[in-house]
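Note that chain A is present in both complexes that follow, paired respectively with chain B and with chain C.
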Partner chain A sequence: MRRLIDNIGTWLGIANILIVLVFLIFPIAVAVMMSFDARDYLGRFPPQAYSIRWYESFFSDAYYLQGLTTSLILAVIATFVSTTAGVSAAIVLDRHTGRSKEVLESLFLSPLVVPAVVIGFALLLFFSLLGVFDGFTRLLGGHIIITFPYTVRTTLAGLVGIRKTLTEAAMALGANERRAFWDVTFPLARTGIVAGAVFAFAFSMDDIAVSLFLTSPDTYTLPVAMVSMMRTNFDLTIAAAAVVLMVFTFLLILALNWAIGLEKLIGQGVFRS
Partner chain B sequence: MQKSRGTLLLLLPGLGLFLALLVLPLANVVEESFRLFVPGRIGSAKDAPYTLFNYTELIEPAYAFYLLETFRFGLVSSLTALVIAFPIAYAMARQGSPLLRKLSIGFLIGMLFLSTLVRVYALQLTFGPTGYARLISGLLNVSPNGRFYTDLVVTFGLLHYLIPISAITLLGTIQNVNPKLAEAAQVLGASRLKSHFTITLPLCIPGLLSAFLICFTLCLSAFVVPMILGKGKVLFVSNLIYARFSEIANYPSGSAVAIIMLVIALMTIYGVTRVVSTRVIQD
Partner chain C sequence: MSVLELLHVTKRFGAFVAVDDVSFTVDKGQIVSLLGPSGCGKTTTLRVISGFEEADQGSVIFSGKDMKGKRPYERNVGLLFQDYALFPHMTVEQNVAYGLKQRGFEKTRIVNRMGEMLDLVKLKGFEKRRPSQLSGGQQQRVALARSLAISPEVVLLDEPLSALDAKLRQELRFELKEILSEVDATTIVVTHDQEEAMSLGERVIVMSDGKVVQQGPPTEIYASPRTRFVAEFIGRSNWFSGVIGAVAAPGVRDFETGDGFGLLVPEPTEATASKDYDICIRPERIQINITNDVSNNHPINTLSGTIRDVAHLGADIHFVIEVAGKHLITATEQYNGQSLERAGQDVALTFSPHDCIIVPSNS
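Up next, the complex of A and B:
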């Protein structure tokens, strides 16, 4: 009886894993296959014949390409700004202890707690109040504030692991504080900083909720372009766009794995809100 | 003196961004939420009188419904995600092969990084009319255009993100539970299942709570999933804010909803962190 119950438990566990794998992977396989559909309309799955027509359509459509360009430029600038600000904030946080550190840290991480829609809406009102109507400036503001906490958090996680005695040793040997930082601390913290930058880039590329509020008719990101096409249009160029975005995701994960190794990511608790 | 000036300089960019892009905009939302809105305008007039109307309006059943709807989906999806993810995290934590472990962690992280829009579009193709909508709704004996099926697809949309994130969160927790404890119970005559429910599971409660918190807050702020997969039938609070902005430009009302949403999100997080931290101290 005991054996029987245990066996049932084991089989249920295996069935659970298989079902979840299918649930997570199958829709993506559907999207990838549909993006190669040869039919010229959105037909039933599975496609009868395959072609690259939707990719040709994506890469020759000025509307999508402009979205992709804006997304990439935006992600690069937002990543640069929030990583710079995040790293310098994390350095200060790492040096301090006690109440003031706790308060500052939760302040810097608080954009994670505020729902993205609220951030987008608040920035929209605020930019209108200030008279900022340039789409790119508004988007950049939104993307910086949603990526900033990730850079603080990963850099801090990277800095905490570095023993203070190393810096002290460098200073005892005659280096000043600045020299000790650039020669000892910074190289050791580099992985945390890179991870933060990769996260920032990924979240900037992915954002919809904030961007929808801040776009202007001529400045929009790729996800925003895809959302508006999804509402009005029923062709499979969106599927091709989705696969292009997936390729970016895949490259980012490779970068992350190269920079710190994926297993370490979990130990750092990066995904905890 | 020198040192504190350096500290201030380093903090300045972060504090500046934080103030300009979060604190001041939110303060402005609070102010706007008490302004009177005259239909037909975009936003409130500069000298609009103050009023509580934007908040009292939300008590009406029509609006409270959005909130209940968000909570209902949040609860159901988060609990389902935990029940499904726990055995997966357990299997990952307890199996020996380093390769399998690396692969499964890589897979889960890949699933988290997947763009929300790609996820939603893939689910729409799969469970929509060109996919398996007719087959699945036929099996469940419901209409593919009905409320139940739409609810189901929205829940799928939430679960597609919640399952990987809870599995990863729980993996950390289970790794910290000593497997010898469960083995001891089994040596003393408990079945594997019983030792699991009486020893391992109770030790994971703080981790389960924090995973629930993460899932629930993610559901509360979900926006794209209900917008695309809900086909206008399922609307969360975030969609209400967006509608206030895009459809009728009633910024004061949108602000009031935003403030309520923010307060609920903060309270949930505060509440559950309290529960988690007292549990840890007791243990």
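Up next, the complex of A and C:
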């Protein structure tokens, strides 16, 4: 009897994983396949013939292209700023203990729990209060805020395992605090920092809720462009745009990983002896 | 000339006094052990010397220069951490060269010095390994090479052998001593392990509650502890509390223990107002005699009792003997093939008056 329950449990677990996989991968596969559909109307799945006409349509559409360009520039700058700020915040948090640290930490992570729509609306009000009406500045501010919790969190996780004696050893050997940070703390926390940057980039590329509030008529991101096209001119160019967004996100994450040290991530795992 | 001098160093953390008016000097090439239980302030003393903590009062002097306000990287100390603190993302070579690089030495000089150091610790051929690919003993030698490479004025070792297992510890103790004497390093060893302190240090400084309670050569600390704390902390001991009496012979006095035994003890060295003293007898100083042996009739310092336990630990045999009043005495004998007394046997314990260590009560 007990064995039966165990078996049922195991099967339910496997079924659970399968269902999740189907719902995760299948829609994406459908979107990718439909983006290559040769029909000029939105037909049933699967496509009867394939072509790249929707991609041609995407790359010849100035509206989409401008969205893509904005998204990429925005994501790169937001990731850079957010990672720098997140790493500094995490280092300060890591050095302190007690009540003030906990309060600060939950404050830094609060954008994770506040609904993005609320953040978007609040930022819109805040920026008009400050007199900032430039779309790009507003978007950048918003994207930094929504990605910041990820960079703080992952850097903190990376710093936790680094023994204090390592920094002290560096200092006893003649390194000042700044040198000790770059020679010891940073390389050891790199895994966490890179993970934060990757998250930040992906979330910036993907965001719609905050961006919707902060766009201006001439500055908008690719997801915003896709949503507005869906309302006005619904065709499979959107599927192509989705695939392009996906590919760019993936490629830039790879590039980022490579630049900051993917080989270490895979080769050595997390450095702790 | 003294390389390191501590003058009335006091360090407080809030209301807690971690180091309380500590003064001592270390001469060039000397190895000094800082010995005490955990929380006695020895590690804080080490951190004050290395510059990670600033003394609230008093001064730390390196070869005549006051180190006040100097950060760790402005002092020339070689620090060996308990966990070695080897940089896990660097090779052996990079670890050893790190301090030399910070000093801005040119490349050939760094390479030469590194070679010298790896030779010294017998790790030639391990240059490209990472710390995680080394054994505990090898890691310790890398850490030692790294701290000695910068030719430090003072070498500070924090519990250098405690992370290793007992057998390796003994081997490395000897090696460590050889290496340190080869480079003529002025060294302070911080440890809670009396064996480590006594085998490494030419001089032992015993600390308790932030204060230095006694300092001297290991033999002196063991043979003539000045307080009960020192005697108990270093080596095994049997204790009797009692009151000192009249002079029985030159340098020897009567002593009445609380259990009612009359003993002869040496003249106390530490004067106290009261006549209450504690007597300590080291287990190896006690002679065990079979009671029914008529020729062994010692009138002086003889206690009769019964063996309760015999433990044969290889070279030594440990006896637990109950004497009158449920008082348990530990005695050790060297094993040289003799037939062993058994538990339950009645014995007489004797010890010479000069084997009694007399210290003031409550010290």
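One rule holds in what follows: the second predicted complex is superposed on the first by the 226 of 273 C-alpha atoms of A that agree within 3 Å, B and C clash if a C-alpha of one lies under 4 Å from a C-alpha of the other, contacts with A are read in each partner's own complex, and residues count from 1 in each chain.
What we mean here is this: a residue touches a chain if its C-beta (ideal position, glycine included) is under 8 Å from a C-beta of that chain, and two chains touch if they have at least 3 such contacts.
Remember, predicted model here, so these are calculated numbers, not experimental data.
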What is the contact status of A:225 with respect to chain B (first) and chain C (second): first, second, both, or neither?
neither
Counting only touches as set out at the top, which of chain B and chain C does A:172 meet: first, second, both, neither?
second
Under the stated touch criterion, which partner chain does A:9 make contact with: chain B (first), chain C (second), both, or neither?
first
Look at A:24 in the shared chain and tell me whether it touches chain B only, chain C only, both, or neither; answer first, second, both or neither.
first
After lining up the shared chain so the two structures overlap, which partner does A:188 touch, if you call chain B first and chain C second: first, second, both or neither?
second
Between chain B (first) and chain C (second), which does A:163 come into contact with in this model arrangement: first, second, both, or neither?
second
Shared chain A surface residues [contacts with chain B and with chain C]:
271-273
The answer for chain B against chain A in the complex is residues 3, 6-7, 10-11, 13-18, 20-22, 24-26, 28-29, 32, 43, 84, 87-88, 90-91, 101-102, 105-106, 109-119, 121-127, 130-132, 156, 159-160, 163-165, 168-169, 171-172, 191-193, 196, 210, 213-214, 217-218, 220-221, 223-224, 227-228, 238, 241-242, 245, 251, 254-255, 258, 261-262, 265-266, 269
Which of the residues in chain A end up touching chain B in this complex?
2, 5-6, 9, 12-13, 16-17, 20, 23-24, 26-28, 30-31, 34, 42-45, 81-82, 84-86, 88-89, 91-92, 95, 104, 107-108, 110-111, 113-119, 121-126, 128-129, 141-142, 144-145, 148, 152, 177, 202, 205-206, 208-209, 212-213, 223, 226-227, 230, 238-239, 242, 245-246, 249-250, 252-253, 256-257, 262-263, 265-267, 269, 271-273
Flag every residue of chain A that touches chain C in the complex, lowest number first.
163, 165-166, 168-176, 179, 183-184, 187-188, 264, 268, 271-273
Once bound in the complex, which stretches of chain C touch chain A?
50, 52, 71-73, 77-79, 81-83, 85-89, 98-99, 102-103, 131-132, 146-147, 150
